[in-house]
Structures are given as structure tokens and as C-alpha cells.
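Next come two complexes, and both contain subunit A; in the first it sits with subunit B, in the second with subunit C.
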Partner chain A sequence: MLAKIVASVFLFVITFLPRLSLADWAVNMTEGVTDVSRSVYSLHMQIFWICVAIAVVVFSVMLWSIIHHRKSAGAKAAQFHENTTIELLWTIIPIFILIAMAVPATATLIDMYDTKESDIDIQVTGYQWKWQYQYLSEDLAFFSNLATPKEQISNLAVKNANYLLEVDEPLVIPIGKKVRFLLTSNDVIHSWWVPAFAVKKDAIPGFINEAWTQVEEVGIYRGQCAELCGKDHGFMPIVVKAVPYEDYLVWVSDKKTIIAEQEAAAARVWTMAELMEQGEKVYQTNCAACHQPNGEGISPAFPALKGSVIATQDQQAHIDIVLNGKAGTAMQAYAAQLNAVDLAAVITYERNAWGNNTGDLIAPQYIQSLLKDK
Partner chain B sequence: MRLWQVIKAVLAAFIGVQSEKNRQLDFQAQTPLPYIITGIILVVLFVLCLVLIVNYLVAF
Partner chain C sequence: MTSISATEHHGPEKGLMRWILTTNHKDIGSMYLIFSLLMFFIGGSMALIIRMELVEPGLQVVQPEFFNQMTTMHGLIMVFGAVMPAFVGLANWMVPMMIGAPDMALPRLNNFSFWILPFAFTMMLSSLFMDGGAPNFGWTFYAPLSTTYAPPSVTFFIFAMHMAGVSSILGAINIIVTVMNMRAPAMTYMKMPLFVWTWLITAFLLIAVMPVLAGTVTMMLTDIHFGTSFFDAGGGGDPVLFQHLFWFFGHPEVYIMILPAFGIISQIVPTFSRKPLFGYPSMVYATSSIALLSFTVWAHHMFTVGLPLVGELFFMYATMLISVPTGVKVFNWVATMFRGSLTFETPMLFAIAFIVLFTIGGFSGLMLAISPADFQYHDTYFVVAHFHYVLVPGAVFSIMAATYYWLPKWTGYMYDEFLGKCHFWCSFIGLNLTFFPMHFVGLAGMPRRIPDYSLQFADFNMISSMGGFLFGFAQILFVIVIVKCVQGGKKAKAVCWEGAKGLEWSVPSPAPYHTFETPPNLPDEKYP
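Let's look at the complex of A and B:
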């Protein structure tokens, strides 16, 4: 029996010790880059050391009494039931310890919830599986999609340094300004989490939650969805770029110009080749998560587009389902998410890719006219 | 001093610790009603205290 225990302890040590010594021990939470995140970090450390102190005291007393009162040293067990004084002590001392921890924690919580007098308001909407950012005072809105290539996810390519923590369009905020986030969701419950800001807030459909941050340092901060939200929960990262206020203003006007140009592009004539090229990009970003890069879907939840009736025959039904979605399924209404060019391109792509060779070209102007009627 | 004993019993119940001597004393009572009523009143007072503290803190 003893030999067996020694053997298994030895096995455990030789298996895990090398790994433990190699680990860089970066296991603590981040200190972050805001006042709130720093006070969250210091609370965490204070409470951690209080716990360590309690553990040391409790285990020391316990070990001492086990050894001191051992039977072989002639100790006799005291036979008594309950002791009001000591019971009161071990009830009242923890109450005071808890209050001592609650006072600074409450101060931090009150600070965290104080979203008053913000400089910039941004509505953050969770979608399956991406984030939408709307700058409320700027008439500016865009989606932020995962940018990690599919090949890396399938282990067919070397992974980036920021694997699954990179997006096509990061959220840009100015440093030194109080930014208020209004969080909600389009479908299920998501949670917007950026550890460096100590912001982690549920995005709930039909509710608006508030959070705020004031970043002091220029930088790129990464986060993730923190509430299990379905198949691609791990594939909707958050990237926030904090820049000086002047750069932020330049970015806002540039971004508006780009969006306006993209919308104006719907007016010109697009060739089949252009639409197919654009359509493939839009498809990979917005559709491939469910319908798969090869258009074969995942039966039965996500139907195949390759060879499907809608994608090869009924053009109006195809346009309708892409623009308006399908109630009761995961198919979203993309009229609210993509511009006319991207919608036309992706429908054209779906009608001509993977051997769906219908030859149909959906003109962006036509989609534009449908969007205007809405 | 009967009232004080009831209050003491209820407060001891709040904390969860009661001495055997007081427990014997409490269980000599003819009816539990005073204990129940005092319990309800003290719980309401406790909740009111919490509400006041929260309001005071949030007002900052």
C-alpha cells in the first residue's frame, strides 16, 4: 500500500514538475490600463492576501493542535458540547473581516456603475457571432468580425500571435475621455469583456446595460465574448484601439468617408467577376460560420446552399431570405447589417459558387432599391 | 425583562449562535408568538437599515 502511494506521488512529481517550472507563472489577472481596472486589481490582491493570512493562521492552529494533542503524547480528548464564547468569536470575526473587504469593494463598484457625464456614447450590440458598434453622437455604425483565417482554425496554417483575438474593424476610442458603453443584443445573451478595462457586462436582448471606461494609455486591447452564446461563441473577439483624441477625430471622419463611398458604389455597374470576388469575401466573413466555406452547411441546423432550391432557382426567395432572414432560425436579416453592394455580391456569389452555376448577376442597384423601400 | 429576553433570542438567531442556558429559558415560554412577531419586526428593521445604508452610499 505504502509503496503504491510513494510510486504514484513520484509519478505525479515527474509528470507535472517540469511543466510547472517551465510555466511563466503569468496566471494572475491583468492590472489593466484604467483607474477602475487598477482598483479592481488591488482589491483582488488585498483580498487574496487576507485569504492567505487566514489560511496561515487557521492551518497553523490546526496543525499545532493535531501535533500537540496527539494520542501518543498522552493527550486526553476533552468531552464537551458547544462553547458559546468561541462560537460567537468565529461568527463575529469573519463578519468584521467581510465588512473590511466590503467597504473598498463597494467604493469600486459605485465607481464602476457611475456612467454619468460621459464624453462619448457607444452602443454595443451582440450578434451571433460578431459585435456591432454604433457611435451615438456620430451617425457611425459598423460590425466587427473575427479576422483569423479559417485555415488557422482548422490547423492548416500557422496560427497568428493574436489567434482568435483579431477583428477586421476594431472599436476605436480616444484616450483620456470617458466612454460610455450601452450594451444590448440582437439575439441571445452575450457578454462584452475587455480585461484591461475591467469591463465585463452582459449584452441582453431587450435590455440596455451600461458600462464605462477611461483609458489612459494608447494601445490595442483585446477581449472576448464572456457568455456562452452558441456555436461560434469563441469566434467573436473584441479589439479596442485607444488613440489620442485628435487621431480619433480623424479616424471618425475617415471611417464615415469610407462607408459613404461603399454605399455610393452601389450606383455604378458591377461586373460578374467583381461581384464574385467581393461576394466571396462577404460570404467568408458573414455566412461561412453556419453555411460553411464549401456551401454545404451543417445538417440539420444550417442548410446547404450548394445545389439548394433557393440558391439555384427562386431568385426572389433567395434575395428575401438574405435581406430579411428567417424567423425562428439562426438566419439573420442582413439588410440591417450589410450595404447594397455586399448584399448583391454575396447573393451573386451564392448563386454561382460551388457548382451553383446559375449565371445570375444580382445588381447592387436593384438591392439598393429594395433597401430604400423598407 | 421578558421582552429583553425575546429580543436577545431573536438577535442570537440572526447570528446563529445561542447558549444552551438561554435556549432552555426560551423553550419554557408558553407560546412562540412573541418570538415570531419580534423576529418579523427585527427583520424589517434590518432590511430598512440596509436600504438606508445603500441609499446613503449611492447618493455620493
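Let's look at the complex of A and C:
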């Protein structure tokens, strides 16, 4: 009867197996693409095999006892209950195994902590729920948002190969250079993790942590936030593009040009339709996670914008909260995150979408002048 | 649950008031156990909601904000509502009977410490229905997610934690006073059963760290409502301070959940091996050193917060050191089985599964102690696999083993052995299906506490979910076995297991409402 139950459970499992795509059964840690990540991997495998060896010895003795010393096989119980020699042995031998393990682990750790003499410094700031990258010697900064469409998350569209591991603007770093990361946060604690580099460091509001990497192979490396940071913790991936140094220099100058052009666009006159179109894009990327795509929010932490006092009445109050945030809440200060066009567009959008038909048009020039005053 | 004999001249009261006013250690023990079983099912249902959402990539069943409430409440309910009260219930039932005492030393306090719990957890669970939902910041409630960014219900959570903490401290005081003062005269400390020893050490741990938890949640309370900045860098505080405080409580707390389990296994393995426990004194010393070391390892939960190198090394070495006394315990259990005369009734099956699977959890713990490797393991499903391996086949299996082992003593009837074995095998297969694949997805890079995951983790997650449902529904068998055993069945003898030794077996089954009105002699010269 018991055997029957066990058998039927296994049958149940086996019938489900064909449903599973057998394509990807990754069962182990990645070796990664840096010296550090390879040392970490080898530490991991060493300790794993030590554990396996101990397990084989302990479980064999146990299995031997279960098979040969069962009462039904006529075993008579011995009455011994101590043996000083063996007790000393199984206390001392593990200590030596541990020392043998601690030596390489210490060496790797010292290496990981050596953040001196970096070639490039990048400040990584965690936000609910996106990352900001600032290249400290380049006067270059941008945000990196999840790029997976909402329809895929809610199962209305087929999922991409890199579902939840894709961003709009990846971090770009050169290969063969020592890159130092300075990690901090704007709100709660996040943790920046790229498995291929064996870099995981908490981003803590008010403090700066350090980590470093030197990537050897060109490629795209993906990771995720590792510390629970609220509602969309599962939706703030990290994508790092490692490119040759020359390509990196070209990318930096191109990126600067694009950002300059976007900022210059604040000087021209924007029509209502243009602002609404741009505003919707900005809203979906930056605001919809909390205030929801339909503007209805999630009470009480994330208030509704649809029909709200702020979004339908006092224009100045609306501009103020978007630019400067609201202390003690999840509402961030977007003056530091978006350019004048995007700010003007998103405020215009919020004042006119979902039946908030105020007809107000916020001019990018006006926002630009506010930003300059700060 | 308890025996009610008409011949006793002052038996229990009748009706509901018996349970509300009782000062009897057996009644209170039963209430603790029933309460924890209820919480086990509530926390378990939340786990099944989590596993339901994680069957496939994409959001199907719940939204992220509710998912976070489920992971948080599942952890809190299981730790503070299921495992801890179950051990206190077992201590209430068994400690007086094992040391030859008539009752706990402080019976009214005992009643009070139990009756705090239903109120604490009603308050905690009621937050699910509040505006903004239940706590959603993980059972570790790291600031500032649990302070500045918390839902309004966090205040209720703080008070519930205070109440649960008061209950634990009172329970711990009671056990210490009982063990120190009420042992039978012949029972010296080094003759106490190991369950009593491990509980005595656990009680000291509780008294040491529950006040730290109370202080920490009070600091959260003042940060939220009274404008202090303990955990806010903007006002001169430090979010990492919260983690140091929490884990100074939290690491001893995980030993609070496993030391009594060590005691239970050390009772059961000798009984069904028909052989004395191997290395009794080394078991006592190992347990004490684990308890002492538990105060020096807390920051191994924080290897990625940016500790200085020296701190990182200290906590790595200290943590690795814990595997030595833990290894001693496992070796002792195996040596007890070696050359015994083994039988495999349900308590022994659970105990053997405990030794094997807890050891696997211990191995992954040793791996996690290696700080550079922990940079890859930290906050992934590898950690989830690790702590479920030490808590489910560890703490939970030991509680089940204890229930099957002593149920005949409590009810006077033998439980249904066949159903008990079915319960064991379904649980054993279910939990391995659930938690073993989590090692793989964790190593492959899946962070914990996410409601949705990328495609390469899909296969193992589906297996985990199927295992989770098997494990969950298997627990209904547990309830059936207990209910059947309370109602009747084959009469249990006083010594219902052939190899059982100890004072609890010297009284009839079911144990009379009042045991040991005069101090007993120890049954066996060589005892323990």
C-alpha cells in the first residue's frame, strides 16, 4: 500500500515532466567572466565537494546501521555509549578541514575588498524601482528601467527570451579596465548584483558602498536587485554591456550628444499633442508602477491621480510635488531624474489624461527656468 | 486531549472555563500545541499562495503587493506562531514529567503566557484586512522599508511582536525556574534528559535576545510616530544599525528554533535503537557551545552590507566554527544508531529524516559561511533552500516526531501507525521536491522574494510548487491521525515503546492530570 502511494506520486511527477521545457536546467553557479568570479566559483566547488565527502561517510554509516542493525534482522543492541578517542577525532579533524577552507576564502575576500587604483568610477544609485548610473569622470548620468512590456508580465503577450532581465538603457563598461562601483540609494535598501562578475553589494540610503570588477570578455551580462525593496523588487533588473575600450569611448561621446540634444529641445515650443505623446511614455516608465497605468493608484500608499486635487487644481502644487517629491513617502524628486521636456510632458499628461481634462499645457521652457533657479 | 479521570478528587473544571483558567501544565501544553497547529495551517496556506503564484513566469494569481504580504506573514506566522509555541507546548507537557515535578513552577504565569498569544496573532492577522494591507517588508523587516515606507498596519505588527515577545520571555522564565528548582532529588544536572537540557539552554537564549527584539521594534515605533531617526541617515541614524540589532536577536532566534529539536531527536533515537545515547556529556557541551557561539555570528546575514574586511573575516571564521559542535551532535546520533537494534516506527522515521535532511541544511549553511561565496548565494533561493532545510525537516519534523512519540502518553491510545507512516512519506517526498530544486535556481541566479521570474527558472519552480502542494495537503493526514488518537484506539501501555527510558514512562498512559505529587526515584541507575 505504501509503495503504491509512493509510486503514484512519482507517476504524478513524471506525467508533468513533459510539460516542462527541458531546454534549461542550470543547476550550478556561473563561473563568470572575471578573476574574482572564478575564485568564488572554485571556493564554492571546493566547499561543495568537502560537504559531499563528509555526507558520504556519515550517511554510509547510518545506512549500514539501518540495514544491518535492524531488530527485524535479529540485531542485538550493544550498550556502549562513549569513546573518547573517536569523539576527539571527530572534533579535531573538522577544525583542520575548516582551516584549509578558510585560507583560500580569506585570500579571495582580500582581493574583492581591494578597490584601489580604479580606471573608471561609476556611481550606482538604487531607486524604487530602477537604477541610476553616473560616470563620475565623464559628467554623464542616466536611468536604467525595466524594458519588459506590461502585457508580457500579465500574460497577454508572448514573453521575450530575456523576460524581466532587459532594460531600456544598459550600463556600458569597457573590458580590461578596473571599474569601481560606488553604491548608494535614494530610498530603501537595494542590492546591485551581477552574477557573472560575482559582485553583489547593498545600496544603502545615506551611505556609500564600494565594489569593483574587471571584465575580460565582451558580452551582455544580466542581474537583478537582490534586496527586497518594496512592491516591484522583482522588476528592477541590471544589464551590463562590456565592450572594447575604443567602443566605450565612442559610446560615451554619442550618449552625451543625445542627452544634450534632448535638453536643447526644451527651448523650442511643444504642442499639446507632442507633450501628451511624450508624457504618456514618461508616465508609463516612471510613474505607472505606483500610480498605475490608469492613474487610479493603490490606496493608501500610492494615491490616485485620476480626479485628484493635485492633478486637477493647483498647477504650482502639482509641479512642485513632481519636481521635489514628498518627504517621508515613496514620492521621489524627479527634478534630478528627468529633463525639462519629460517633466513638462508628464505633468501635462497627468493633468489631461483619464478625464482630468484641465486643458493645461505646461511649457518645457517654464520647467527649464525652474530647474535653472535651483 | 488530557486525561480526565472521575476518580481523581480534584480533576479539572468542566467546560470552557477549564481552558481559560487552567494552571495545569498538561492543559496549557495542549493549548500551545493546538494553537501552533492552527498557525501552521494558516502560515502554510500562505506558503501555498506563494507557490501558486510561482508555478509559471508572469503574474497569474496575486499582485506583487499582496505577494510581499504573503512572504512576510508566512515567515512571521511560522517562526513566532507555529514553531516557537509548539516547542513551548512540548516543554509544558514534558519537562515536569521528565524531571519528576508535579507541574511547572509558576502555573499562573504559565496560563498568562499562553493566553497572550491568541491576542497577539489575532492582531497580527487582522492587519491583512486593513487599509494598505498587512506588513509587506519581509519577516526580517529591514528599515527603512519597514519604517518610512511601511504600510500603516506596521504599528499593529510592532505591538503584536511585543506581545509575542512577552509571552516567550515569561515562558522561558517559567522553564528555567522549573528546571532549576523542581527536579527529583536524585536528578543532578548531568542526569537530566537531553530535551530538558536543550530547553534550559534555549530558555536562556530567549531571555537574552527577546528584549533586543522588543527594543528594536520600539525604535521603529518611535522612528515612525515620534520623529526619531535611529534608522534614518537623514537624521543621523543608520539603516544598517537595524540589521545589526535584528540579527543580534535573529541568529540566536534560529537556534531557539533548533536546540529543542536536538533534544527531541536525542530522546527518540536511543529509544528506537534500544541503546543509550552516545556521548551524553558531549551533547550537553556541544549544545552549550552552539548557544554561546550564536551570539558571535550575527553579521554573517549581512556579508553584503559593506562590513569592513576585518569584520567580514571575523564573522566568517566564527560561523565556520559552529559546524564543529553541530557536527559532534550528528556524529553522536549516528553512533547511537550504530550497532543498535533498530525499529522504524513513525517517530523514528521522522527522527532519521531529521538527521539526514538537517545535515544537508547544515552543509549549505557551511557553504553560506564562506563569505566570498556568500556574495553569490546571498538573498537568492539558495538561502531559501538552506533555511527551509533546517527549519522544515529540522524544527517541524522534530515537532512531528515528538508528537507521534508522546501522543500515546498524552491520550492513552496508540495512534494509527499506517496513517502515521503515510503522513511521513508524503511529507518527506513533498518537502524534498519543494526545497531541493531551490538550491539549483538559487545558484543559477534567482533572487528570493520575487513574485515573477525570468524564463530559465521556470522548470524547477514548477517542480517546487507541485512538491509544496503535496507537502501541504499531506498535513491533513497529521490532523486525522491526532484526532483519531484522541478519540480512541488501541490502549497504550505505560512504557509504550520497547526501548523508552525516563521518568515520563514511569507514569500510566494517559498520564494522570497530576503527576508526581511526591518526588520519584530515578528508574534506572545508569540513567541517562
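Some notes on this structure:
Quick note on the criterion: the second predicted complex is superposed on the first by the 326 of 374 C-alpha atoms of A that agree within 3 Å, B and C clash if a C-alpha of one lies under 4 Å from a C-alpha of the other, contacts with A are read in each partner's own complex, and residues count from 1 in each chain.
Here, contacts are C-beta pairs under 8 Å (C-beta built on N, C-alpha and C of every residue); 3 or more make two chains touch, one makes a residue touch a chain.
Small disclaimer: the values here were computed from a predicted structure and weren't measured.
Touch criterion not met for A:354: it reaches neither subunit B nor subunit C. Judged by the touch definition given at the top, the superposed model places A:110 against both subunit B and subunit C. Once chain A of one complex is fitted onto chain A of the other, the partner contacts of A:191 are limited to subunit C, with no touch recorded for subunit B.
Counting residues of subunit A touched by each partner, subunit B versus subunit C, the larger count belongs to C. Applying the stated contact rule after C-alpha superposition, one finds that A:143 touches neither subunit B nor subunit C.
When the shared chain is aligned, no partner comes close enough to touch A:366: not subunit B, not subunit C.
Of the two partner chains, neither subunit B nor subunit C is touched by A:248. According to the touch criterion, the shared surface of subunit A, contacted by subunit B in one complex and subunit C in the other, consists of residues 82, 87, 91, 106, 110.
For subunit A in complex with subunit B, the touching residues are 82, 84, 87-88, 91-92, 106, 110. Touching subunit A in their complex are the following residues of subunit C: 57-60, 64-65, 68, 131-132, 136-138, 142, 144-145, 148-149, 151-152, 232-234, 238-240, 273-282, 304-306, 309, 312-313, 316-317, 320-321, 323-324, 327-328, 330-331, 334-335, 337-344, 352, 355-356, 359-360, 363, 366-367, 370-373, 375-376, 378-380, 418, 421-422, 425-426, 429, 433, 439-440, 443-445, 447-456, 458-460, 462-463, 466, 470, 499.
Interface of subunit A with subunit C (complex): residues 1-2, 5-6, 9, 12-13, 16, 19-22, 24-30, 39-40, 43-44, 47-48, 51, 54-55, 58-59, 61-62, 64-66, 69-72, 75-83, 86-87, 90-91, 94-95, 98, 101-102, 105-106, 108-110, 112-113, 128, 152-155, 159, 161-165, 187-189, 191, 193, 195, 198-202, 204-207, 209-210, 223-235, 298-301, 328, 330.
Partner subunit A is touched in their complex by these residues of subunit B: 15-20, 57-58, 60.
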